[in-house]
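Below you'll find a set of structures to go through.
What follows is a pair of complexes built around chain A, which joins chain B in one and chain C in the other.
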Partner chain A sequence: MADVTLKAAAEPAVTKGALSRFGAWLSQERVFRWIPFVLVEGTFILVIIIPFLLTIYISFLRWRANRPFEQAQLSGFRNYEQVLTDAGFWASLGRTFYFAGTAVIFELVIGFFLAMLVHRVVRGRRIYITLFLIPMMVVPVVAGYNFSMIYLDSGPLNQLLSPFTNMLGINPRIRWLSDPTAAQLAIIIADIWQWTSLTFLIFLSGFSSLPPQLINAARVLGANKRQIFFWIELPLLKPAIVIAVVIRSMEALKLFDPVVLLTFGGPGTSTQTIAYYLWEQVWQFNKYSFGAAASILLLILFSVLIFVGIWLLIRQRNQFEQQQETAT
Partner chain B sequence: MKKHLVTTSMIALAGALSFGLISTSPVLAQTDPVAQRAIDGAKAYVKAKGLENPQLDMLLNSLYRNSLPDFAAEWKELTGIEIVSEPLGYTDIPSKIMGEAVAKTGAFDLFNDFPYTQPDAAGAGVLQPLDEYAAKYKPDFSGIPGAFVAQQYYNGKQYSFVLDGDHIMLVLRKDIVENPLAQAEFKAATGKDLGCPATMADWEEQAKFFHTKAGETRWGITFEQPLYGAMGYRSVNFSHRHFPAYFGGLLFDKDMNPKINSPQGIKAIKDLASIVKYMPEDVQGWGTPQIYPFWGSGQAYSVMSFPSIFGYGNANPKSTVKGKQLPCVIPATDAGGKMVRRAAEAAGTSYMVNAYSDHPELAYLFIQWLTSPSVGNRAIAHPKGFWDPFRKQNLGVEGIANKFSNEFLEKTMENAEFTTSLLYIEGHYEYMKILDNNLADVMNGNITAEKAAANVEKGWNNVTEDVGRDAQIDVWRKGVEAGLYVDKF
Partner chain C sequence: MSNAHSKTQAATPAGQKDRRRDHMPLVRHAILIGWALIIMFPIFWMLQTSFKDSGEWVTWPPNWLPQDPTLKNYQQIFTFDVSGSGVAREATDQPFSIWGSLRDSLIICTLSSLIALFMGTFLAYSISRFNVGGKKFRHMVLLVRMIPPIVIAIPLLMYYAVLIPFATEAVFGARISLFDTRIGMSILYLTVTLPFVIWMMLSFVDEVPYTLEHAARIMGAGRMYTLRKVVLPLVASGMVVTFLFVFILNWAEFLLALTLTHPDVSTLPVLLNKFQSASEGRLYGPQAAIGTVITIPVVILGIAIQKHLVKGFSFGMLRR
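And now, the complex of A and B:
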């Protein structure tokens, strides 16, 4: 009995001693300086590296989720071959570039003009900024639902357009969500509405950071508004333009929400983007290894694009810094 | 004599009270041995395991969020077991179930979804085989048409209970069909009597005849809005659900070679696409939330849909077609020289048990109770439910008759005999999406029916190879033999 009591009393002391020794070990300079590195790298390995390696591994398996994972077998490059020979993959990819390209061009132009106008407005500027940023703040599901109402063939958009469609002799009940061409436009319009706010914000910050002394000097030297815009403001805004192009393009290539919410990729496959295609292959058809292979291929493709984008950004920044140095 | 009168009155009063209690409180009305076995079994299970505050979690098709909780509350009152439901859109449920197959969390004890999720889920091992429990608690499948019974099984094992007759049917506007002027004009134009169309071609003929522009006056009626000749599901993920009604046979031969790239298949594609010109222009973007109210607004002459559209037309307060609906069995189609009726089970409602549940037996008992003849009847009669009649025991039930009408019930039971499953094998959603995409392309004039048939054949063969041809042939043959598709090899 006495032994048991002694043992019980001794246990916390042992634990406390071990903890103290561990604390002392950690507080040593040679150990302590490694702690942030280990935590950051550990998180990186856990969150990025392991899932990435797992994705690569799955991409080499023959596995659909309708069979237990334990029954999966290695299949070499079979999935990659299937992806690269799948017409649906290429069609979705092409459609994504078409949607992204069209939407981003409009978002850049509209965002730029809105930013330019708001930059020049003195009264009510904050109200305009708030109003123009609202679309970006709206939850995509809400935006999608609203657009599904707007796009009804007897809905408000067709009512608004009816004077023009009647004038042009077009059927005023445009099938925004069920006609293949109109549905593609519907997706692009919804994306433009939601994400022009972002380009507006980037351009507004660009306009706000324009050096007033350069513009004032040009004005003193007799430059008119057009010359100031084309010869001073626009060149100085190039870094902001590149940032807007890169960020929006990268985001637009992941276009998914409006597709699911408005058309489910239809009619047929006319609005299927690559993100939707992947989602369908994995989550609807249970083709996990096929999806993993397609993801890896897309990662390589998009990495190249992102690399080019970042290179453009760096080049613009260097040019901008050189211009600043020359100006000063 | 007085004493006798008092005694008689007392007995009558007690009888009346008892009857009143029974008829108003479903909790006490467990005269159904199948339901009673489930209740007794659940109570015994809880006692034997010493469970305190037992709870079952259910992944619920959100269509039932306003009706299933009533039955969950009743089950809790009967057994003390709480059913916690997590409503989710039906498009999202299959991926959740398949995710569970990988994660094996046991977070849900029960799954509620279309029966067509069952093959993939069973193959992945996420569904609990129910045969052992069924042998112990003896469910009753009497009065259920063969295809519905067969849908509860996959590869020879029972995995689910079915409680919904979602076999598509045709509904016409009775007020127009019975209009003497319309009848005479139709007879003069076609030489046929007006009524439920015998064939798909007859249906299209009627759709063409009754398709009316806004402002026209016909048969003494001035149409302020257009009257569309037909309506049906033609949107993404839905078109394919009507295809078996046009094809009229097995989609594959016994070696899983697709039969769609044939004169029969090409004709079926053409027929399915052809009638679209008499449907609302936007129909390819419409699902149930658009089709049901449109039918209720009285702007269509006919609709091919789930049977619940008839209940909607009768019960919805805003419906203008109440009492003006004529239910019809599915029209026959020319299946390679033979006229056959095939009412595709286009969706459906199944209840499955998670293999990773902590209490699969308890979960089983709830679904046996819910789908038992008596409770199932009350579910189908539930005003906010989407369960449709499908078994003989649904006939003669006052609540169901009030909701659907006796005329409809007789017709839907007749139609149920022609019920065929879409495709009850692994990869169902991929097979059907290939068909769906190509049907859409034909409807939009992007490709010909011949090209679509060839595309579907190629796509289906790819899926079969990818899933595993031998395994697919095996379950396909078993399914055909079990009566899933009405047709045999």
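And now, the complex of A and C:
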């Protein structure tokens, strides 16, 4: 439909001059259509695809930073073998999923609960929304720094806990970040602090697009609050929930900033996420070809997750749009 | 309980209902205020640390407000003179001044966000109107965003530090490296934020009715003219929102900046991290001051585009 009208109006270049000729050339249907596409695709190919092809090549080399690249020799699948048999790689991968899973569950539950409460609040609604969205805008590095201050052995957390610790006769200056379990929790809590605002935002948007007629109708027909929530609101909120889960999970698996700021992966390796682990291998130990093989393997692993994620997003998006159409 | 609201008793005794209405909002507000306090606490702690002098940074018990408020920390990061008096300044190898990083951050973020905005807007327009790239293309774009940055960082390190110098030497006879340059970082940020721009702008462009353009075209306006005079004014506010959103993302980015710049270029998050490993132990005060300086502008920008944040983070899938 759009094609026909636009093709019919292919105008001739009337004015002279290089600029107008350029304008006329630009206004041609096919040129106009494809320039942005070619530009963006070109960028993706240049900045993402070619580096990955290079990385595939490097992953078959035997290369560390102490030798020039040109002298590196092919070594077959040796790097892949090393990565796959590396205990640190698997441990940090598992830890990443553990951190992401725990954090995302808490974020979803708290975010949902807060959105539900704020949705029902009449007075001061805007203030709550503004306040609750602030953590999301704080630079993650700064958030990590803030939490490192709170967990200090002479920080406010220990001060708040000191009545209890005194009662139990423990030294109140607990070094939270020196204990593996506490350090892991610290990172999860920092993540929850920062990203609950995103799930809150998504759920709030879901709540505010609920059709009021439907809920009123149910109420008139005699449904109680619980029935309305479980049988009407929750099913209608499903798209928002799926979108929140997918987006947050994909982001949580990238966890890196708070680890660097809070614990440097320690104590031991107890807070190394996969991003931190690879960063250390490549940038601290200069194991380039090892890192290359690992990032190719990770890409393969993650692309499976990403495809599932995108597929879920598309499905929910279509549903959500239908819902909004019926709501309006 | 479930009978209380049945059809016949739709009008429950007024007194009972009122009593329930009375305390529910209170509980609600109490919970919400509690969460607000939890949220604001780390930020409050940073703010008050930034006004503390070095002796007060780590004391037991900690002071909740600076006993002797001082602007020393801000002075320290904003003064141009690196060799002046200060806390163990000569013992560390990193210059304290924030200006270099501030300049780098501003240049990189502005440049990359602007270029991404223009490329993304035009692509969004041609996807929306001509369905360029097919139906699946807009979803494939998301792929770029969802790949973990560490997976991109390693290839890019090799690319910027090895392949490009190698290739430019072969072609132009001079080694040009994008590693540790502002241009290199801008290109990278531009690429990783393009998916956001495309999706946000798609949701704005899709809202512009096609009939408007059609009318302009029938009246003899050229394609560029229609775009400039009809479409762009209508999506201008959307472009501003998208620009700010992408700017905030780039401003906060840490991993790629940490891995692909080392001595020369450093963005603000990287600068904050450098204070961590200073040989004199951590410098809590200046760190807090830098944190405050980095955070305040983006929080203000974020509040300004608050209504559209959900659109940005959900790739335009949620609208309100």
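In this section, the second predicted complex is superposed on the first by the 260 of 328 C-alpha atoms of A that agree within 3 Å, B and C clash if a C-alpha of one lies under 4 Å from a C-alpha of the other, contacts with A are read in each partner's own complex, and residues count from 1 in each chain.
Rule of thumb we're sticking to: a residue touches a chain if its C-beta (ideal position, glycine included) is under 8 Å from a C-beta of that chain, and two chains touch if they have at least 3 such contacts.
The structure presented is a predicted model; accordingly, all values stated were derived computationally and were not measured.
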Contacts of A:Ser295 with chain B and chain C, given as first, second, both or neither: second
Touching partner for A:Leu152 - first (chain B), second (chain C), both, neither: both
Partner chain in contact with A:Ile189 - chain B first, chain C second, else both or neither: neither
Partner with the higher number of touched chain A residues, chain C or chain B: C
First (chain B), second (chain C), both or neither touched by A:Gly266: first
Partner chain(s) touched by A:Trp283 [first = chain B, second = chain C, both, neither]: both
Touching partner for A:Ala103 - first (chain B), second (chain C), both, neither: neither
First, second, both or neither for A:Ala275, with chain B first and chain C second: second
Touching partner for A:Arg173 - first (chain B), second (chain C), both, neither: both
Intersection of the chain A residues that touch chain B with those that touch chain C: 69, 152, 173, 283
Footprint of chain B on chain A - complex, ascending: 64-69, 152-153, 171, 173, 175-180, 183, 263-270, 280, 283-287
Touch list for chain A against partner chain C, complex: 2-3, 5-6, 9, 11, 23, 26-27, 32-37, 39-41, 43-44, 47-48, 50-52, 54-55, 58, 69, 110, 114, 117-118, 120-122, 124, 128-143, 145-147, 149-150, 152, 154-156, 159, 162, 173, 193, 197-198, 201-202, 204-206, 208-209, 219-227, 240, 243, 247, 250, 253-254, 256-257, 260-261, 274-275, 278-279, 282-283, 288, 291-292, 294-295, 298-299, 302-303, 306, 309-310, 313-314, 316-317, 320, 324
Chain B residues touching chain A - in the complex, by the definition given at the top: 91, 94-95, 98, 101-102, 119-121, 123-125, 235-237, 280-286, 426-427, 429-430, 433, 437-438, 440-441, 443-444, 446, 466-467
Interfacial residue positions of chain C with respect to chain A in the complex: 1-2, 4-7, 10, 25, 28-29, 31-32, 35-36, 38-43, 45-46, 49, 58-62, 64, 119-120, 122-123, 125-126, 129-130, 132-133, 139, 142-144, 146-159, 162-163, 166, 187-188, 190-191, 194, 198, 210, 214, 217-218, 220, 222-224, 248, 251-252, 254-255, 258-259, 268-269, 272-273, 276, 284, 287-288, 291, 294-295, 298-299, 301-303, 306, 309-310, 313-315, 317-320
